[in-house]
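Both complexes below contain subunit A, partnered by subunit B and then by subunit C.
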Partner chain A sequence: MTDVAATEIDREAARPTSRAAVRPPRGPDRDRIGPVVTYVVLSLAAFLSVFPFFWMVVGTTNTSFDIVRGKSWFGDQLLVNIRNLAEQVDLPRVLFNSFYIAIISTVATLLVSSLAGYAFEIFRHKWRERIFAALLLMLSIPFAALMVPLFVMMAGAGLINTYAAIILPTVANIFVIFYFRQATKAFPHELRDAAKIDGLKEWQIFLRVYMPVMRSTYAAATIIVFTLTWNNYLWPLIVLQTNDMKTMVLTISSLNSAYTPDFGVIMVATVITTLPTLVIFFLLQRLFVQGMLGSVK
Partner chain B sequence: MTTVFRRSLFASTAVGLLAGPALAQELTVWAWDPNFNGAAMEAAAAAYQEAGHPDFVLDYQEFAREEIEQKLQTQLAAGTMDGLPDIVLIEDYSAQKFLLSFPGAFQPLTDVIDYSGFADYKVALATVDGETYSMPFDSGVTGLFYRSDLIEQAGFTAEDMQDLTWDRFIEIGEAVTEATGTPMISLDIDDPGLFVVMLQSTGSWFFNEDGSLNIEGNEDFRAALADYQQILQSDMWKPVNSWAEYQASLAGDVASTVTGVWITGTIKAAEMPGQWAVAPIPRVEEAANGTNYSNLGGSSWYVLNSSDDKELVYDFLNTVWGSDVDFYQDILVGQGAVGSLLAAREGDAYQTSDDYFGGQPVWQDFSSWLGQVPAVDYGIFTYEVRSAIASNLPALADGGDLDEAIGNIAAEAAVLTQ
Partner chain C sequence: MAQTRLGRNENAAGWAFVMPALALIGLFMIYPILWSLWMSFQTGRGMNTTFGGFGNIQRLFADPIFLTALGNTLIFLAIQVPIMIMLALVFAVMLNNPRLKGRGLFRTAIFLPAVTSLVAYSILFKSIFSNEGLATQVVAFFGGPQIAWLAEPFWAKVVIILAITWRWTGYNMIFYLAALQNIDRSIYEAARIDGVPARAQFFRITIPMLKPVILFTTIISTIGTLQLFDEVQNITQGGPSNATLTLSQYIYNLTFRFMPSFGYAATVSYVIVVLVAVLSTVQFWVARDRR
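Up next is the complex of A and B:
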């Protein structure tokens, strides 16, 4: 979303300059000051939004002491920090846990929730709107209130300290169902009718027609769900009991809990944790923007 | 892994096949800070193995302090003990909250451990209705750490730093700040830690015995807060915004700090050998029972009632934590951890003097102060009252009326502790 806004502002900002190049200036310096102010404001905004990332990356190269003292340029401690992190944390295992949970959750959530969203929009049932309203109401229940009953359920099922205990509660994601239902409103019903005439069954329509057509919606949902599950903290904390099941986010939290936290190590862990969500975002960026605009081609 | 292990253990017990002794030699422990608590527990496990239990296995699981509290709270509220550890570390300020909120969840150890060998105040804080529940671990016995070179530069001697009152400390502090240009202390105005230290040194706390608030009308509280307001209004302190910034300030930005013994490692990390010394903290003069001893932080081990091999837990705790003086030397040298077992001070490591502190026998000093820390009941709502205090400190720093501030603190605390 930010990127859409940024591109549009950029375009507007660029326009006066190009015009200025073609046309002689009318008022004294009028067209020159405008863009300067725009660029100054934009640069400032860009700096403010990029600075935390910059500082995080700079932090990976400095000692904990320098970071606390506010040193904001690159140092030579990167390898030391990486080595310390690798010594303190079983990185391959923790990364595997994070990826495993995030990927399985994302695939399962998209599948189940998009099926639900599709069904809510396409099929008519006298209870449809009431059930949907009830679902939306449930969105307002804070997770803290669900935590204890959920724990009792998981303990009853013997799932404490398993991947399933983290993945299962995310699969039916009400927000994603809502999101798919809204997006499905723009799905041309003629396509479904045509597919039916061609003899496709409902599940074939969903797989072969709906899914390809809605790919930008899926892309947007992928980013949202992956980020949510990747960054999920509270529930995994409660339900995971051992170090070998921990995710990256939980690991950063324990690193931070030392009486004398090593911020260099924490910064390295933070960068590693941020990278996957960034990569996914950039890979799916174009589709994400379309998905957010709700356009279906 | 543990869960699988435990489940198989339950299952085998259920069908009447008692688990073999080899299996039963494992204990699961939850704690935070692998370099401090974790390392101390690992050292204890090694000591236990050497003491004739070569099959003993420690299963150490790392969680942040708040995380352990959150996990315990959720799980105990859910009423399921599935996957809980045998031993868990709980911060002393939170102990009463857990013991009172979840009766039956923790195992009383009164008949298991001989508490007469431990610092009184550590035992008192884990005692409910005559039953004590903890194996006391690290102490937060406080000291006044000061830069001997800067103090000297301002014309004071080590003797001037002994047996201080806060009034005198502020006098010295302002003189040092003026003479050297280095502020006497650094303070995070959002963290009332120093005030909490001052209050405990008077033997008083936020609560009465029945758990009701003891703020308005508490003369000790008023006296300590009056001294604290004087500090806030003096020119001798440098503001810091976080714990990390506070720690960093000890490396040359301030001439002293009053805090728990666990800061020693941080002070030594600043690599200023011979420039530091330690004295007992200043006293709240107006308090009836004001002492120069107090405590900040510290934590203790608790045994979960769900532990399936309590005999092993008891033997492990008693053999190592309850009596092994050599083990306490190891964790003092290795982790800088000052335990609460009073006999530990007879060991070699406690006897040595430290060149970093100008040859002062700092560990002997700390361990003799340890036995004199006034015992108080931290109650259930220590952190709630702390936040009520913190929100009124800026007003005090601006010269606000003391009694009005106490009234506000009491009112806010009453809401927060309802």
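Up next is the complex of A and C:
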């Protein structure tokens, strides 16, 4: 993990030493937050942030009874919990559903939304800014206001309990369109001009010039859209109704809503649910954060 | 711009490129939001509805469950969002100190909760705050009282607020860190030389410079909290006795749990739309430039 912080610190070290760094803190600096307070606060915050992950992993090795009694060290129930989970849930099927929905959604969203984001930046039209402003305004439409009509629409189209019903409403993602428009501002126009002189058509320029050049933008957007769709809960909860269509997130939720939930089993399922996004985060930390920040750059 | 042949081709390509996205947005956002507005004036059960005028709006004010859900949602908003924004700012300012050791590690750790699914972390919190669970033992260890976290209305709200704060503080902190790195350090040096105390530097330099980002994060947090669903559904299911029921959950219950009442559910959903619009406007107004 070549971390962003490392390069920042290098840059900081390379700077000529500032007067402030040489001069011992005196006078106005006396009410500056002391380094001890900083380390204590940050350590506490870091501990509290990470502890639930530890709790989750420890939980996979304990019985449900021990978990709700607060046992926070490893036990020997891991295999039992895994076996119980495999008996209650068709894991391969559920994992397939989750990956299928997340992957198809991500590919479709990136294609449709990056195409629009690119076009909004590249092509001039007298309505361009007005349409774009209207889209941004729509970012604040709460999903709660859409779900009732969306459900009736999907029911009318016979799409209840299908992958299509989950995927279709997520494909045109205004946030991703916005992200790509922002990123396209850095796309060199000379490349486009050169490609035009070479006789490439607009769609060829997009596929062969734009997409390869913007691959780190695509990578960041992939992470963000995959995480969003993988973790999506409310809409799948409404639309997916049979066990063989459920995703991992819906599965842990329904295990949890049992009259006496088996937390040992749930912890194993929770680890499986969390793992893909956690792995992506650690492999591509810088891109992940960049994707999160997309909208304010 | 002269309409050359090239210009016309570009126009066609531009429309072709944005059309798939605009068509989908039209079908899955604009059409439903308008339909939802129309629905909110309908009364009746299931698909058999008739025009009810402002009947649904009158029903809102006489509906104790709606008023409870509205109150809960606003309490979560008013308490959780300021706490989280302040914490995120403090962490970001602390982490922005280049002389701090291990800041990559601290930053990763504090951001980590933002990676989890809302349902997954909700279940973790539910198990930590179970009746005789870990949280109860920790409180007892420090000599505190025995608390039935999820069984008492007050404490159930506290757990929800703690949970959301855990999940989103690091996420907001990342926005502030990115913005802080764009502030020229020489401003602080100049302030220091002029003898401006650190606290005044924070309130007179850092906060004003971060104002656009603070506004942005406050608005997205407000929108997010107004739609709160996953956490309450999985930690408390809205209980005990509706003490944590949110507007989104009530809409869900009205539509999919009880006898479907689409019209009234749509009216409740428009309460969220109006709240988002009003609160965003207020936040813009508060953060406006007073010059």
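Points to keep in mind about this one:
To be clear about the criterion, the second predicted complex is superposed on the first by the 235 of 297 C-alpha atoms of A that agree within 3 Å, B and C clash if a C-alpha of one lies under 4 Å from a C-alpha of the other, contacts with A are read in each partner's own complex, and residues count from 1 in each chain.
Methods note: contacts are C-beta pairs under 8 Å (C-beta built on N, C-alpha and C of every residue); 3 or more make two chains touch, one makes a residue touch a chain.
The model shown is predicted, which means the values in this text are computed figures rather than measured ones.
Of the two partner chains, neither subunit B nor subunit C is touched by A:179.
When both complexes are overlaid on chain A, the residue A:244 reaches subunit B alone and has no touch with subunit C. Shared-chain residue A:266: touches subunit C; no touch with subunit B. By the document's definition of touching, of the two partners only subunit B reaches A:88; subunit C does not. Once the two complexes are overlaid on the shared chain, A:69 sits against subunit B and subunit C alike. In the superposed model, A:187 makes contact with neither subunit B nor subunit C.
Look at A:254: by the touch rule set out above, it reaches subunit B but stays clear of subunit C.
In the superposed model, A:148 lies in contact with both subunit B and subunit C. Subunit A is touched at more residues by one of its partners, and among subunit B and subunit C that partner is C.
Comparing which residues of subunit A touch subunit B with which touch subunit C, the overlap comprises 68-69, 147-149, 151-152, 234, 238, 253, 256-257, 263.
Residue ranges of subunit B in contact with subunit A, taken from their complex: 1-3, 7, 32-36, 61-67, 70-71, 74-75, 77-80, 82-83, 244-245, 247-248, 251, 262, 265-266, 269.
Taken in their complex, subunit C has these residues touching subunit A: 1, 9-11, 13-14, 16-18, 20-25, 28-33, 35-36, 39, 87, 90-91, 94-95, 97-100, 103-121, 123-128, 130-137, 166, 169-171, 174-175, 178-179, 181, 185, 188-189, 192-193, 195-199, 212-213, 216, 219, 223, 226-227, 229-230, 233-234, 237, 247-248, 251-252, 255-256, 262, 265-266, 269-270, 272-273, 276-277, 280. Interface residues of subunit A facing subunit C in the complex, by the touch rule stated above, are 3-6, 8-9, 12, 18-21, 27-29, 31-33, 38, 41-43, 45-50, 52-53, 55-56, 59, 67-70, 72, 112-113, 115-116, 118-120, 122-125, 131, 135, 138, 140-153, 168-169, 171-172, 174, 177, 202-203, 206, 227, 230-231, 233-234, 238, 249, 252-253, 256-257, 263, 266-267, 270, 273-274, 277-278, 281, 285, 288-289, 292-293, 295-297. Those residues of subunit A lying in contact with subunit B across their complex are 65, 68-69, 88, 147-149, 151-152, 155, 158, 160-162, 234, 237-238, 241-244, 253-254, 256-261, 263.
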